[in-house]
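In what follows, subunit A forms one complex with subunit B and a second complex with subunit C.
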Partner chain A sequence: MSRWVISGLRQGVVTTCYPTRMETAKGTSPGLPARLTPMADEFGQELVDVCPTGAIHFERGEARVDYGRCIHCFRCSRSARYVLEWESGFEWARFASDGSNFVKGAASWPKAFRKSMHIRVVDAGDCGACLNEVKQLNNPYYNMHRLGFFITPTPRKADILLVVGPVNDHTRLPLQAAYDAMPTPKLVMAVGACALSGGVFGPSFVTGTGVKDVLPVDIEVPGSPPPPLAILHGLLVAAGRKPPMPGQDGR
Partner chain B sequence: MFFTVFAVLFLAFSVAGIVCALLSPERGVALSLGCFGGVASVAMGAVGVCALISDTPFEVRLWSVPTVGPLMLSVDKLSGLFLLVSAFVFLATSIYSVEYLQAYLKHFNLRTLSVCYFAIMLAVGLVLSAADALTFLVSWELMSLFGYALVNYQKRDEQSTRPGYLMLVMGEAGFVAVVLAFLVIGGRGPGNLLFSSLRLHSASLGWHARWAVFLLSFFGFGVKTGLAPFNRWLPQAHPIAPANVSAVLSGVLLNLGIYGIIRVNADLTPLATAGPGLVVLLVGAFSALMGIMYANRDNDMKAMLANSSIENMGIITTALGAGLVFMTFHQPLLAGIAWIAAFYQMTNHSVYKSLLFFGAGAIDRNSGTRLMDRLGGLSKHMPLLAALFLAGALSICALPPTNGFVSEWLTLQCLLQSSVLASRSVKVLFALAGAGLALTAGLAVTCFVKAYAMTFLGIPRSNQARQRARVRFPIRLAMGLGAVSCLLLGVLPTYVIPILGRVSELLTGVNAAAALVPPFFNGAPGHSRLPHSFLSDFHNLGAQVGQNLLPAPGLVVLHRGHAQNPVVFAMSTSYMLPVLILLASTLFLAVRFVLARRSKTVRKPVWAGGLASLFPELTYTATGFSSPVRVTFNAVFHPQMSEERLELIAGHFRNSITRVVGEVHVFDRVLFQPLVNRASHIARTLSRMHHGRLNAYSAYVLGTLFVVLLLSRTQVEEHVVLSPALILIVALILDRLL
Partner chain C sequence: MLNLAGMAAEAEQNWPGLVQAWVDRRTPLCELRCPPSEILPEVVHWVVDELLFRFAGLIVEQEPQEWDLRYLFYSIQGPPRWARLRVRQPLDTPKFPSISPQVHAADWYEREAEDLYGVTFEGHPRLGDFVLHDDLWQEAVAPMRRDFDEKAALAERRPDLDWKFRRIVHDPGAFAMPVGPIYSGVTESVQFLLETVGEDVIRAFPRLFYKYRAIEKIAEGRNVDGCLLLAERFAATTAFAHALAYCQAVETICRVKLPPRAHALRVLVSELERFRHHVGVIHDICESTGLSVAASQAAILEEDLLRLSGDLTGHRYLFGLAIPGGLSRNLKDADCIDAVEMAVKILKRLQELDDGLRYSSSFLDRLEGVGIISPGKAWEFGLVGPMGRASGLGGDLRKAQPYASYEHFEFDVPLESEGDGFARLRVLMAEAAQSVRILCQVPVRLEAGDVAVGVSLQSGRALGWVEAPRGATFHGLHLDESGVVLRYRMITPSFVNWHGFHLAAENFAFQDFPIILATVGLSATENDR
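After this line comes the complex of A and B, so read on.
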């Protein structure tokens, strides 16, 4: 027993300093391309063609990146003639633009979750990447328990439904059932590009365009997969303890 | 004078019941059993009440038998109490049988059952009123035989009659021991077998003889009571018996063992040393613990209830043993309280156990299964049955303010009173017994939460449990009678304790009820026994509430100590009930109208892990519920699992895995199996003598003769006992050889 006490003390605190301070360690986030870049028409069209998920739109001399579709494949920063600026950071979570049960960020946003929140994770056809990132939240580095976030096995005790995956046909009814089984007030958080827009999968013959087809989504966390810190930011936004990503209207 | 009337009425209606059962058409047998049985049991109860009220026992001198002496019947207060309790069970069972037996109408001969039922009623009456050893033993034997006939009533094949046969065999072994005990008491004695003369004679017994009497009678009656380790027959006999027979078996016949133990060890030969009392105490606590452990494990409702009967009998025996020890330490008041606790527990057990067996029988009949793993959700279409069963389950869990709570609380308080005893080792043993009973009480709650929840709540686990059925009036009446009695016995202990106090006064000579129920209601003369400050303290607490409404000394059970410690223990379920109701309703109203004022109720289907609907297989089973207990007491249950794998294609492709979990009962494993092995080993060794050589046989005869002669040369007076035994052995050997 004494050995692990000593080694533990010697190790010190390994947990991330986020959300007290910004985490700046390398490798905690893959980053996303800059949202808005002015450029010439020829380059812009090329960028649109390079993007595999159609996340880049080019209008009136500006290349816009839709974070809801971006899978940070880096093609726009590597292969194109005009590369996009790459932004590090992970505070990407935002209020969903439509369909939410609550007025985003307003006084009517549920205050019950400020101190603690119980999370029911639903895998709605996920490839495993987002789930893996969600799993990391429990490890000593991210340690979400210190913030009062807990994963619960039953939706009956859950405050927020964390959905990963594009919602394929076979997971639609269970997802709906889990949402129905939750007590109010309840939030829905869509995590990952697939859950936000169908990602690389949808819309297709088995999947739609993400969770918002089925449930009213309140919080969206872009990324494919979003790093654990991004999910943590999403949870903090849901709890009303952090502001969402600035200047993002959801499109 | 009323005695004779009621006794004759009881006899007349029982005999009339037998005659009616034989003469009436098959269809009417159940009804006649109900009517005549009901009236006869009321008469039986009236005899008991008369005996409890009157100060002198009711005695009838029967004819005199040559060489044995006069035969006599006598109903004293002890018999009266047992008669009353038995009468209650018989009354409820008679009512219940009217409806319950309809299912047996086409398949079984109801006449046999009816005749046996009345016969066992008569035999029980006779056992309880016998005042001489011969009548007692004969009626005891009759009771055993008719009990066997009733338990094995639904005989189908040889396998299903084995438990009944085991019951008979163990009962007979006990009977032999009881006969021997009576022989020791009256061996060189008074010339007749009347209890009164045995009582006089027993004072002259030496301590060897006293121990012999105690051990023999405790074993003999303990087998019938279901005390460990000779109770293996009980959980096997109950599942094969009809439910009404089970109720009689648990509610009446087990009590008779208690009656025997008290009659012999507290009345006929009062114990002189603490040893036997401690044996009773520890065996009781051990039985209680073992009983409830196995009750937790069993998923067959009736086997579970049978094991719970063992537990309750253990609690009664523990209180009984505490009383015996207190008597030998010259503490008649504490002994009286302990025996009041024992009698209270016995009464309660008869009431709630018959109620629970009725419930189990009704469920068995409607659903065709008693396995809790296959039941579930019955409260939806049998709400009344569920409520009545719940009343019984709460009582047996000893939750206040039900009757089980009062008696178990008194029992545990008695065990705590061991601090007044001088011997330290006795105190330790009392503490052990108390700890055992406390654990038992906790496990009992687990057990009956399982029994109620798995049977009545949740969703049906089989098609049988889904069947809709009506519980008809006689069954509801019989169970309602039990449930109401449970509540009354629980809420009004101060009315019950004085009655039980009269019985314990007979045995101890001290009125313990007066020490347990202080006269808070009485006027000045009653109050003069209590110090003024003490009284005013309790008046401030409200102990006199209800003074002008109820005829009783008070509603508080309170044992007074000396000056430094004025209240040793105190409790009042009577006041607890309104307070509990008030608290519960306040809480309900607070939640309903204050806390939940702004929220609204939304009904959604049960969460089934995302499946369309909840399968019965997904829900909590009885086995799962009792798993923590089984894991904790793994050393006792000691399950053995054998696994068989079928791998047809290659070594790593498993086609099927069959797991068989087998359990051998701890008594069989630790005690009986080694005994049987040892005995058969000895028999095998001895059988080598039978090799057929005539010369050797002659040598055996000569050798025996030589030994006998040798012994008789040095014979002294004490060997008188030995020589018949030797002659017997010689005779046996000769018989075997020639």
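After this line comes the complex of A and C, so read on.
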């Protein structure tokens, strides 16, 4: 067994400097298209047509991107005559626009989670990418334990419900049951474009348009999938330790 | 071994006037047209047990006038060959003979077709409650039918609220333990119904399709580009493999010839994905046994590979790269060489980890002799991928039915025969090494030039196949002349292997269950679609 102790020590520390400083390593985030780009009408309309999920809106000479719908398909960065610039970064989490009482201000945001938060992850028809990125939060690079975030197997101990996937018919009842089993105060975090808007799967006869159809959502993390750092940012926003992405809809 | 012309002649001779055969030399393929009568199981028996074809899958299609069922078979020895059994029936008589008594691997395909199309298979022991759970949907709903009215189906739902899963074990003291659909830490939604009398799992029954998003249904009516998004994103940990299979189907229909650079880069990205997937499964295995240092080290390697993919292609899960006609963007030679060098370094660290694992008796005790699938059972269930190869069942589409220029690459297909958890781990380790071996051969094959050609859409049907990280996958596509998808069929390795999952889990202790689950490395989303 000493073999593992030695090899573990030899490995050294790889953990990211985030949230103290920004992470700059390559390949940690696919980025998102610029949220606002001024352009001529003909180019704008072309971009709207190129986007398969309707994330791009064009109005009064400006192309706006709804991050909740963007699925990183890169079509707006390659298929149009006037392409959108992509921005790096990962601090995308925001308060849900039509969400819970906490977001509306009808109840004050729970302060109890500032130092420690237990997370129940629920897969509601996810494609595997968001779930795998959530799993990466436990790897030594991101090591969310150091920030007081823990995955819990039971909703009874959970403070926040982290939902991935568009919520399809068969997972709707288990998701509802997990939410009901949580003690109050509780938060709901929707992770990934599918959980926010249905992504490429919804709406259809078995799939809705995201978690907000079923539960009151507090925090939304855009991305398809959001990289682990984006999910970490979402958790920090939920805990009240980081501000959300400025300028997005919501509170 | 018969050639295809000989096979066609013998089939017509064996069943004169009943079976019509023709040979397509381009694919190459022998199609046998069979009536939906009792001779169908005989023909299937002949193809599988005498000609030694492997069952690839069943494609059901509803034509305007008739049901069209296509049973696909492929050779895994000798030159690449395909066999296709085609059975038709008027729309008003949705009844076919079951072939699962002859080919057990067809069992779930028939259940799936019954649930989604409302087609019955006479002689099948158990139909119903499969894709659409009976406690949520009435059995009569058949969403894949062309005349399916989703509004009506949603408006009057009559689920069977008294549904209970069928108990098999009735010994005194026997009880059933449901695990899932929400269980443990970060897991996919699957339910396992475990029957036990105490210590050992006597019967393990995975209740799947919790994640059914009706991909095959919502693909219909989309254009080629819209359907590509579904092909790529229904199972994202193996996104590139499935996108590639879909693109190959489109390219076959439209008779596109790819530039050599596109082929070489597709191999590069495919092997990078396989390497990353296998490291991810190795991480799950280390974690399931509680060996935390090894789990952390494997997790670091997985994240390194994700970052490598992100840096090379722009997306950590390789989304948006494969398009019909090639790749969506060119990768620089220098970047590819850097990526290969990085992969070689990661493999070296993986092999150090492997050495450590082989010296850890507490780890080996949890894997050796646990979760055994015998070669005979693996053949019976037609297991594919690393799970099949750990049980001595060879067959790798990269060798058997080469695509994307794999015939120019040198590599071995690792094979083990014990069929236990440790054999599966060894296969994963060896396959990861072979992937890097292929990666190292890519840079010399990178010719200068374009990575994509234009595709002019045509109508037609085609099959695209890829050896995905979890095993053989087949994507069948039917396009009309304007490029609209009429039928999109995905045959995935997880669907095949979940069928045999209980073989590994049964008769082992409860505490081995998570480890067995980790060693088979199956995906629910790839199965459920």
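The criterion applied here is as follows: the second predicted complex is superposed on the first by the 233 of 251 C-alpha atoms of A that agree within 3 Å, B and C clash if a C-alpha of one lies under 4 Å from a C-alpha of the other, contacts with A are read in each partner's own complex, and residues count from 1 in each chain.
Operating definition for what follows: a contact is a pair of C-beta atoms (placed from the backbone, for glycine too) under 8 Å apart; a residue touches a chain by one contact, two chains touch by 3 or more.
Every value quoted in this text rests on a predicted model; they were computed, and no experiment measured them.
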Checklist entry - After superposition on the shared chain, which partner residues are touched by A:227: those of subunit B (first), subunit C (second), both, or neither? => result second
Next on the checklist: Applying the document's definition of touch, where does A:88 land relative to subunit B and subunit C: first, second, both, or neither?
Outcome noted: neither
Next on the checklist: With both complexes overlaid on chain A, does A:24 touch subunit B (first), subunit C (second), both or neither?
Outcome noted: neither
Item to check | First (subunit B), second (subunit C), both or neither touched by A:174 | outcome: both
Checklist entry - Taking the superposition as given, does A:108 touch the first partner, subunit B, the second, subunit C, both, or neither? => result neither
Checklist entry - In the superposed model, does subunit B or subunit C contact more residues of subunit A? => result C
Next on the checklist: Between subunit B and subunit C, whom does A:45 touch in the aligned arrangement: first, second, both, or neither?
Outcome noted: neither
Next on the checklist: One more residue to check, A:116. First (subunit B), second (subunit C), both or neither?
Outcome noted: neither
Checklist outcome for this item: After superposition on chain A, the subunit A residues reached by both subunit B and subunit C are 155, 173-175, 177-178
Item to check | Sites on subunit A touched by subunit B in the complex | outcome: 154-156, 173-175, 177-178, 180-181, 184
Item to check | Complex contacts: residues of subunit B adjacent to subunit A | outcome: 602, 604-605, 607-608, 610-612
Checklist outcome for this item: Given the complex, residues on subunit A that touch subunit C span 1, 3-5, 7-8, 11, 14, 25-30, 52, 71-75, 78, 120-129, 131-136, 138-141, 151, 153, 155, 165-166, 168-171, 173-175, 177-178, 199-202, 204-207, 224-225, 227
Next on the checklist: Using the touch definition from the top, list the residues of subunit C that touch subunit A in their complex.
Outcome noted: 133, 136, 143, 150, 153-154, 181-189, 209-215, 217-218, 225-226, 229-230, 233-237, 239, 280, 291, 293-294, 296-297, 299-300, 302-303, 306-312, 314-317, 319-320, 328-329, 352, 356, 359-360, 523, 525-526
